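Think of it as A, B, C and D in the order they're written, each chain with its own count starting at 1.
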């Protein structure tokens, strides 16, 4: 995988998050976000190993995955700002951003929920004769969630072409991994017969290698895998934490955690010109994203229940006129 | 553990089930039962390693566990027959038989549901300063159930004095283990950091040894264990199968499966006199159980919603008079 | 004309829909052997590729179906017992149901969840005997409760073809119902449209699922005393409010008989909407299970908790008197 | 008198109950740090033995609490988001709720499930914004929705002391409500007893949770036009039918304002029971979320789905006119 391309994705996500946090502060984005800052190498590396017609499911901390899989940052920003021009027409927001045309089966607000959805989608593609694979991203907290472990079982049973990518950033909100995970994360993959590896999640090239191997295996019909990517969340669990200081990570720990930055790791492999050119293009793109998001129209309250049913069934309203 | 005592329990369960099946046939027991025949060594061996104040949770196939833990066969039979003299006053039946005074926290109709309940009860006893342990029995089908795997996690995290006993009888209803379990059952225990062993579930002495070791560990504060007991279900999944022949086990397989009978294995260790004396006592006891069950009064329909709330709150009825 | 049982109608429908559309696959426990009867023969006809026996991982396989549906398939899930709907409530109500809106209409989740044998199966006790269709009506998942063999066929077919998730309850008390049907008449029955099984002029009895038979029997018994119209909504959500309003406009009186818990059940919704929008000559009545009912094991108690013919008769007479 | 917020009242209650009874333990995610505010300070006061931070294993820890309760403890579970009640529906509705009856009264399950911040938390979108108290009323689990700081304190205390499972919804829209209270007056509030926040003679407005404030504001605004009685049931199950009947007997008119889905919600139950048992001078009305509502993300849409003051005013005027 081209180092420039990996860097570009890491940088795009980083700066997207930073711009989005600005919009949270200014009130253009309502409700806040779960910043992906620090974990960008994982989305970049994994999605770098995927085709456009492959499928992903994502999480509450989903911007990185969605962007790395190719979603338009401009429409993504509009989605976070709740505009009709957003990926989901403003109906989803940060936690539900999706682009089905690009195989992005949605961020998800329920921890661990994406695994079985990804497995089912991957299985369906094989049923239809395709050779697509699916990736389910989730955090270290999710490996304690029953439905995800059940999904491991289904994937293992039927050799489903799905790759489970665990982003171990050390915490589920304030709960350290050791406090929430008995045994090991890899052991959970192995228990269901899946090849399971742990890799450095701060280096997009390393993540890419592991993902490419798992993807090749899945595409060849050799079944699912688990990849545990060791990473660190540089920012808050959620932007609400910017106001409410929560006491669970020491300054020392934060400093150590942030000392290996995927942006630096990926950037160090480029010439200064390449890096600066990439950065400039990203700045321009994101300036446009912010401009577009803020200028786009807000949805009409009268349309609040649009899309509730795929068949167009109209729900009774909550108050008769 | 005394071989006579182990035999006695195996025999009691076997004959209890046979008598209960007769009552299903005659209509005294409504709704049928899930016979435990063939698996008796497990209940006998495990419960033989427990104290009266230890706790168990059981399953849909629960008669063996309930009897082995010391429940009165007479009141148990009355429960199956839906009489007010039953363990649960006729409110529970086969799938919910319980005797809290003996630490029997109930059979359960939902596969995998007992694990977390047992773990919580064991944890509570430790909280209260006791050294009791809890055992959760479940089948090979249950190891695919999310909540049970989550319970493994909790038990592993906090060193809960709970022993998970998996009765691998080869099938979840008609689903063979290989069809339902990716990876291995032991691997699931190990994934959560639990000592996990597989033992011959047809020999009560072998089961007892494994259970005694796990119980000692739990009681000493050294945490949970998983024991996989290899066994075979001699009879139907449920008595409905006696009428509706289901095609999932060959005659050969059945013959092989039944060829190692816990009753023979346990019985071979006794003198003929001891065995005959035990058998006779059990016959007498069960004759009394059947007599008592059939002679006991049925509940009054007016009391149908009794016990719905522990506080005595009376629910509104379904039809005003 | 052949005599078709309700269970056979479900089986026939599934076979027909699988023949019609290769995207239809069926998932569930023990469906290869066909323990519940709905899938009997399907494994032979359509193979293990389309008839997938599931391990006891209901939550995952429910969302697995959601993923497969969003990828273009039309999975049918058979749940062995109604409480599996409790177990998978997050996956149905919070995932499958919400994807269409949350994605701004990018996707749809055409999954059918069928429970053959909902409600009381005699002697199966507290955890196997619920009838939680009201829960799905509350969260807004399309919810069907067919009462007759041809409605079982027709609503099941419509559910499979519908682009949204649909739950179908096939009450244990209805599975054995038989009717003379011309196979050529077996057709999809539209979701959200009720039917009048028996016209009448004095009181509308809304009956759900197997209780339609009870209501018809009572209507017959009381025929000389009161003219009862038996209205079967067939869908509890979306509900055929127009059909009900038309019936109540004819009769002016309303009784609901519904084998589910009283508080916040479908009976409550019917009475509430009627109170808001329809003209009633007398206060309406519900015959339901008690509030918060848990079915006790003993036969006498189990039956005491379910709506009875006598209770329905009493309610009808009371409504006629006031 | 000190000014107490609703959230602080919950926090205070938990601290008091833990001091009173060593069997009270609290379980939930991020409760040590106290992310939701209810458990703030508890870890310091009572230690990790009684304040147990949970991994994301909600189903297991819910049944873990059931087991602990049957062994004699009184666990309080804090759920971070309302949809965790969907995820644990089997464990609450099918296990915890049923043990007492199924065992013939041998055991009880005194667990309290608290959701601080139920309903719409602005911008949290479709999967985090439900108000599913109707589901628990339907299955018969005791369900409380306090509206004021002292009711938050008092109902939480009663829930903890109650021998049955109890779910408490603390609506996001109520957490910030403050009131002057004398700490000595903070007492358990009985479950199943409503309260009249403002007496009136023309119409009874039943308001649930944070909408009590809305109803009071509307009552004030319309004071010159119509005399509104604001009735707060506080428990949605069991419901204070006598209290409601007394209010409706005074006013003869009924409007319910309820921030949950319309079909089969608590609004339906209130209208249904009123239609059956109470004398109404005009058809009653509900102001609710739409049928099957999923809260869309964008602020304008999110708000459009929740009951508004304007809708309540319109409903009251309509009821007064007919």
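Before moving on, here are some points about what is shown:
Please note the rule applied: contacts are C-beta pairs under 8 Å (C-beta built on N, C-alpha and C of every residue); 3 or more make two chains touch, one makes a residue touch a chain.
All values derive from a computational prediction rather than experimental measurement.
When chain centres are defined as mean Cα coordinates, A lies farthest from chain B. The centroid of the Cα atoms in chain A and the matching centroid in chain B are 44 Å apart. Mean C-alpha position of chain A lies 39 Å from that of chain C. Chain C has its Cα centroid 34 Å from the Cα centroid of chain B.
Residues of chain B in contact with at least two other chains: 88, 90-92, 96, 108, 110, 144-148, 150, 153-154, 157, 179-181, 305, 308-309, 315, 320. Under the contact definition stated at the top, the residues of chain C that touch 2 or more other chains are 55, 57, 59-60, 83, 87, 90, 94, 101-102, 125-127, 140, 238, 263, 276, 285-286, 291-294, 296-297. Contact topology of the protein chains: fully connected, every pair of chains touching.
Residues 144-150, 152-157, 179-184, 187-188, 190-194 of chain A touch chain B in their complex. Every residue of chain A that touches chain D in the complex is listed here, in rising order: 29-32, 82-83, 88, 90-96, 108-112, 141-142, 144-146, 172-175, 179-181, 244, 246-248, 298-305, 308-309, 315-321.
On the chain C side of its complex with chain A, the touching residues are 25, 49, 55, 57, 59-73, 90-91, 94-95, 99-110, 140, 142, 162-164, 192, 238, 276.
Taken together, the chain C residues at the contact with chain D in this complex read 83, 86-87, 89-90, 93-94, 97-98, 101-102, 125-127, 130, 132, 134-135, 137-141, 237-239, 260-261, 263-277, 280, 283-286, 291-294, 296-297.
Residues of chain D touching chain A in their complex: 29-30, 32-33, 35, 53, 55-60, 81, 83, 87, 121-128, 262-263, 285-294, 296-305, 307-308, 311, 314-315, 318.
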